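What follows are several structures.
Next, two complexes with chain A in common: one pairs it with chain B, the other with chain C.
Now for the complex of A and B:
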């Protein structure tokens, strides 16, 4: 389980980082999104992977970490997802505005001689 | 330690020598002292508050503004005077307000005798300056700004002398730098004023920064930033290996502030300030802050060889050079500026000697210099005001026109020159007496008496020049205005100060004596020496030195008189070495030449190399601790792998890699694959018992996809060209290879770290705390939601505020959005559909577009209430079951965007009232108000319902206050998401309009 998820995180990171280094804004935005999946999964994984653990408390007794999932990384990731969305939106609009102003979708706002 | 000749004289001599018996002072109980300490904040608050009020006075109300500012200064002075009995007996007043006590940062004010003496100087001269400025400032000057800055400066300066905490001291110190910048640049239309202000700020500000570092280290050495603690640990500081570092840093602060060589050159340039400012800043305040610090820390820092050399050398050089330069100034204020520098050098030398008697003399001279220099600056201002010039080559014979002012100025100059029966004489005699003592056997100490005599001679020369050149000689010709005596009350401050010089000079022991003694005792404590303030000490070496200086100075003046009457500004030879020019050159070199060449060498405006650098840095930052910390690979566990989960991630990895591969030429495909990776992530969350995350991820995935789809249209077309590996330049292939390797390294590293951590047992975390208390204290069984809206509610409030800001930024950016021409064409599909309509005569134009996806759009319309219901369901169950404000908000916004997709922008907005901005503000207000509501019940911000529900009046309230907070989150998330989506969707409505406008304009142009 851990091996698969960490392989997944690794693949997402690698794809994301490769795209971050590309010259086109659209590539960068896709790269950032992939990277944010990777980071969210990574943070989530810090609470360790639990299959079939109840995430919701039984009102009868106080919860403990042995019988429930770790809520802290989940809470962190939940807000991270929403903020990630906001970041994507902002970056998308900056990308569009930059393209509108400069006429190119190169990250530098102007075409380089090669590629 | 008491071995000065004059101390011997003192003991044999006079009962009038100042020994204030402690019993003479009313012995106050501790309770009264504590009560008096409560008055200390008045010194800071009253002038700052006054400053804020004065700025709103109408600018034509010169009188009222001055009265108000004067009243505040007077109140401060009276409070100071009233506090004297408490400090007189060696008492120390304290006022403490906790600020960040964990870091040792407290708002501590502390007044002992020395701080009292300084407060008295600052406030008393402050009152006089206000009175003087009332008449000095011209009608066209914005007077409220002047008095507002003046009061702010007074508050900062009082803050410096009253700070009982090192950090607070540094804060007030910087405040004096900043406010003095504004005061010096008060006439900001004048380039000299701007330059002077800038140089002063750069020098004193840089010094202040160094001093702050020094104070921080000092605080670390002592273990406390409290001044009392620091003053009690002198030995620890002096013996610490970092002593020299601290010393140099502190001296950089003190010497720049007090304009000591080689930092002295800012002071003459600061003369571009209005004269009341100069009179205040360069007599009693600003420049005295440096020597104040030296004297304040004298008990803990002084007495070492390093202190003696650095402080002494700076002081002696300044004393001599300042006096020498002063002779050659043609500007009255320039002369006074260099004289100030020189006198500050004298005080610095006294403090450098490390002997208690010298410290007494230093404190005494601080007071004396403040009185005569303030009066001289004011007299110079009067001359400038009444004659229209400050150039000594043009001024002469003014005694005839303004005899009273002339007499006053002469007395004050005599005090500056150190003529007997004036206060300047007394402290200068003490200085001479100390100078001939041997403190440390070295060349510097041997030199001191000679340098002192020569500098004193120069002082006589420039003082005489001030008197003789300006007030005597032939009648002045072609002055800008006809000189006359100033208004009665403009002269009053000068009269008062000159009277003080005389009184102190004649009967020192009865006037300044007790106050000086209180100040000295508070610095020196047990080391306070026997000293005498008598005027006559008999025939001794200091008197002979004074005599030499006086006669030599007079002789020198008459030798140089004819040269000075016509010479150009500045001393010969030295005038070529202009401090300002050196300063400007250094500044230009540092901040422009070097910075630019550094930028050219290391920087790039291209984003890709920067990103590459960031990734490399991240890699290094991640790898280094692992390598240094002896990282061991975890054992590989292959067993227990669920084939379905493995298959899921095979798909996920394929999606991720495919998305990366397609991102350049097939954006839509890349987006779809990105969504695939997102879905796999989402399923992973479900699989691994995180339903909350799964819901949110799924919903956000939808919104993100819609958003990017909306944006796709505005990107340029990119047609894939067959990539022949032959055609690609080698550089590009190399770069791709490099990026590929970097990506593999980053991915591999992440995988390794993730795997290592996830295979280790979970240590005890704060999670247990939340799990235990979520239901009992948070009242919800969904721990994740309880954390978000209750335990960490403040974080969530911050996050929704960020969301709000992002949405507004997106909105604002899109308002200015101008698409490129190639994006404006009708999309290909619509063109085909319109062509179809045109070909069929039975169809109107636009029919096909309207009928396109008719069935799905009807279904989508019907889905709206159901989506709303789903959102409400998610929202209400949030506290106990997966869901909550975030998920509900996004679900609801999907409902809205579906309507846009099915009906088009115009159709929706004709039928639905959509006010995302209002929803957002409502959300933020509700969330903040819920948080603030707990204040009403006496609980900290955002305390949740557990307390709220037990209220006796409301009774058992079924809805937790956390639900209200979540409602705020819901409303804001909904508003922000909808705002971003429709702002982007609106572009397609705006674009055709812009297109039509452009076409119309073109047509009209043709016509």
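Now for the complex of A and C:
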């Protein structure tokens, strides 16, 4: 399970960084999204991977702490997801505005010359 | 301390947040009303910040003073707001700049787009929160709040230039936020805490394997803040973005880079201070090298700038670099000077950003380019006849020119104003070593810093002279700019604050020295936070 998660985070980060460095605004925004998925998974992983361990206390009684997982990273992930989502939406609007002003989807607002 | 005073600490976050939200439904046609509400809110925050500064300054204090546990959860479990001299100072500076920018915007700039005053209030709330919080994840939330508002403000007024600069600014900051999160979660994963004070206490007793992880996390976290602070080579986004922003926005952006520096100061001294065991002084060398490269890059940029907006942008970089390198060199005596420099340079750059647009109104667009090219290729119109001897200088131009001169003196650090006092204090802290033999006590990095600090002042002076001469002494047919009183007043007030700072340099330096002493004694700070009692006396 650890291997799959770390490979997943690695693949997401690598493709995110690659796309972030591409010249089209759409690639940049997809890159940022992938990067934020990778980050969210990473935060989640920092609470250690546990199976069948809920983060919420059982109302019947606390029991022993070993049967629960750390709830803090999960709370952090929620916050990070919400903020990341809002920022992506905002970036999308700016992207469209830039497209409208310059007529191109290049990040510098003009096509690169190849001559 | 009474209950009422206790709750004062949350006001600088809560009030702008509430006012910012309340202003959204008000129709845009009532801009003046919105502006006045916003101004009132900022004014109250300014007064509160003053009171908090008094409280912080009198801290020969009982324990728990200036610690605000949110939701009344005690420190390591809940989020705390922490007031000390440094955060109080930053609160005051923010509110002061915001007041000036807000008054300035009410002349005409707030008509350039929607929801200017709401965004402005949210920016202030985010800034204040970032200065006050004692929890690194909460810091992330306030940081994002501040950034979100700053995206909106940078795009205020729209237009291709601003959208292009905004696109780059947002992309860079989103990537930096990802790094922030990775750093925070890595630190949490190892130490199991997000509270800065507890983190500092835990770091001293960390196993060597885990220490590596924490240091990696801190380094990643540091990069996120250095992007914000504009350290070379993470700073190429900054001059275009600041030059493209509307003047009141650029003026308040002058403090955004200082947020990055503030957090680095905070974490550097609290978490990696002398008490951190094997991790003490982690990353110092990077700050020194990066800071000095930033000064060099900024100074070259200042010399090469053809427009005043970019000149101001590069001055921001010089200021950041000076501070980062001063923190990295880590001599106890320099810190107080560095804080003085922080206040003085922020006020100056902010005033300069406001002034630029006023001056630019009266001149032809090509004059800046001419100023640089003429220097390179010689002055072509030298034998032009000087017939206009004795023409009266229009009053507006006289005021603008005077303000410009003050900015030039402050930026280049010439006596007698606060720019000089600040640089002198930094250098004095550097030279004033306990070792008897100066040449042995000072390392090569120290000398390089001295040289760069002085050369950057020279670069600023050359650039400002060049542009000033072309603007104010040239006999161009440019019209005298129409300037409203409420536009020039904030500039004058900000510069007056600098003059006041120069006159009151003694008390101000004592405050800065006390701030530096606080920081150099991090254990006291973390104990203060962790042992703070809950309200209601349990």
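In the analysis below, the second predicted complex is superposed on the first by the 107 of 115 C-alpha atoms of A that agree within 3 Å, B and C clash if a C-alpha of one lies under 4 Å from a C-alpha of the other, contacts with A are read in each partner's own complex, and residues count from 1 in each chain.
Assume contacts are C-beta pairs under 8 Å (C-beta built on N, C-alpha and C of every residue); 3 or more make two chains touch, one makes a residue touch a chain.
As the structure is a computational prediction, the values presented were derived from the model and not from experiment.
By the touch criterion stated above, A:97 is placed in contact with chain B and with chain C alike. When the two complexes are overlaid on their common chain A, residue A:87 makes contact with chain B and with chain C alike. In the superposition on chain A, contact of A:69 is made with chain B only, not with chain C. Look at A:107: by the touch rule set out above, it reaches both chain B and chain C.
By the document's definition of touching, of the two partners only chain C reaches A:32; chain B does not. Applying the stated contact rule after C-alpha superposition, one finds that A:22 touches chain B and leaves chain C untouched.
Once the two complexes are laid over each other on the shared chain, residue contacts for A:43 go to chain C alone; chain B is not touched.
In the superposition on chain A, chain A positions 20, 25, 38, 42, 45-48, 72, 79, 83-84, 86-88, 90, 94-95, 97, 101, 107-108 are in contact with chain B in one complex as well as with chain C in the other. Residue ranges of chain C in contact with chain A, taken from their complex: 137, 140-141, 144, 148, 151, 155, 158-160, 163-164, 166-168, 170-171, 174-175, 177-178, 181-182, 184-186, 188-189, 194.
Put simply, chain A touches chain C in their complex at residues 20, 25, 28, 32, 35-36, 38-39, 42-43, 45-48, 72-73, 76, 79-80, 83-84, 86-88, 90-91, 94-95, 97-98, 101-102, 107-109.
The touching residues of chain A, when paired with chain B in their complex, are 1-27, 29-31, 33-34, 37-38, 40-42, 44-59, 62-65, 68-72, 74-75, 77-79, 81-90, 92-97, 99-101, 103-105, 107-108, 112, 114-115. The touching residues of chain B, counted against chain A in their complex, run 605-608, 611-612, 615, 636-638, 640-642, 645-646, 649, 652-653, 656-657, 659-660, 663-664, 667, 670-671, 674, 677-678, 680-681, 684-685, 687-693, 696-697, 700, 703-704, 707-708, 711, 714-716, 718, 729, 731-732, 739-740, 742-744, 746-748, 750-755, 757-759, 762, 765-768, 770-776, 781-784, 787-788, 792, 795-796, 799, 802-803, 806-807, 809-810, 813-814, 816-820, 880-882, 886, 890, 973, 976-977, 980, 984.
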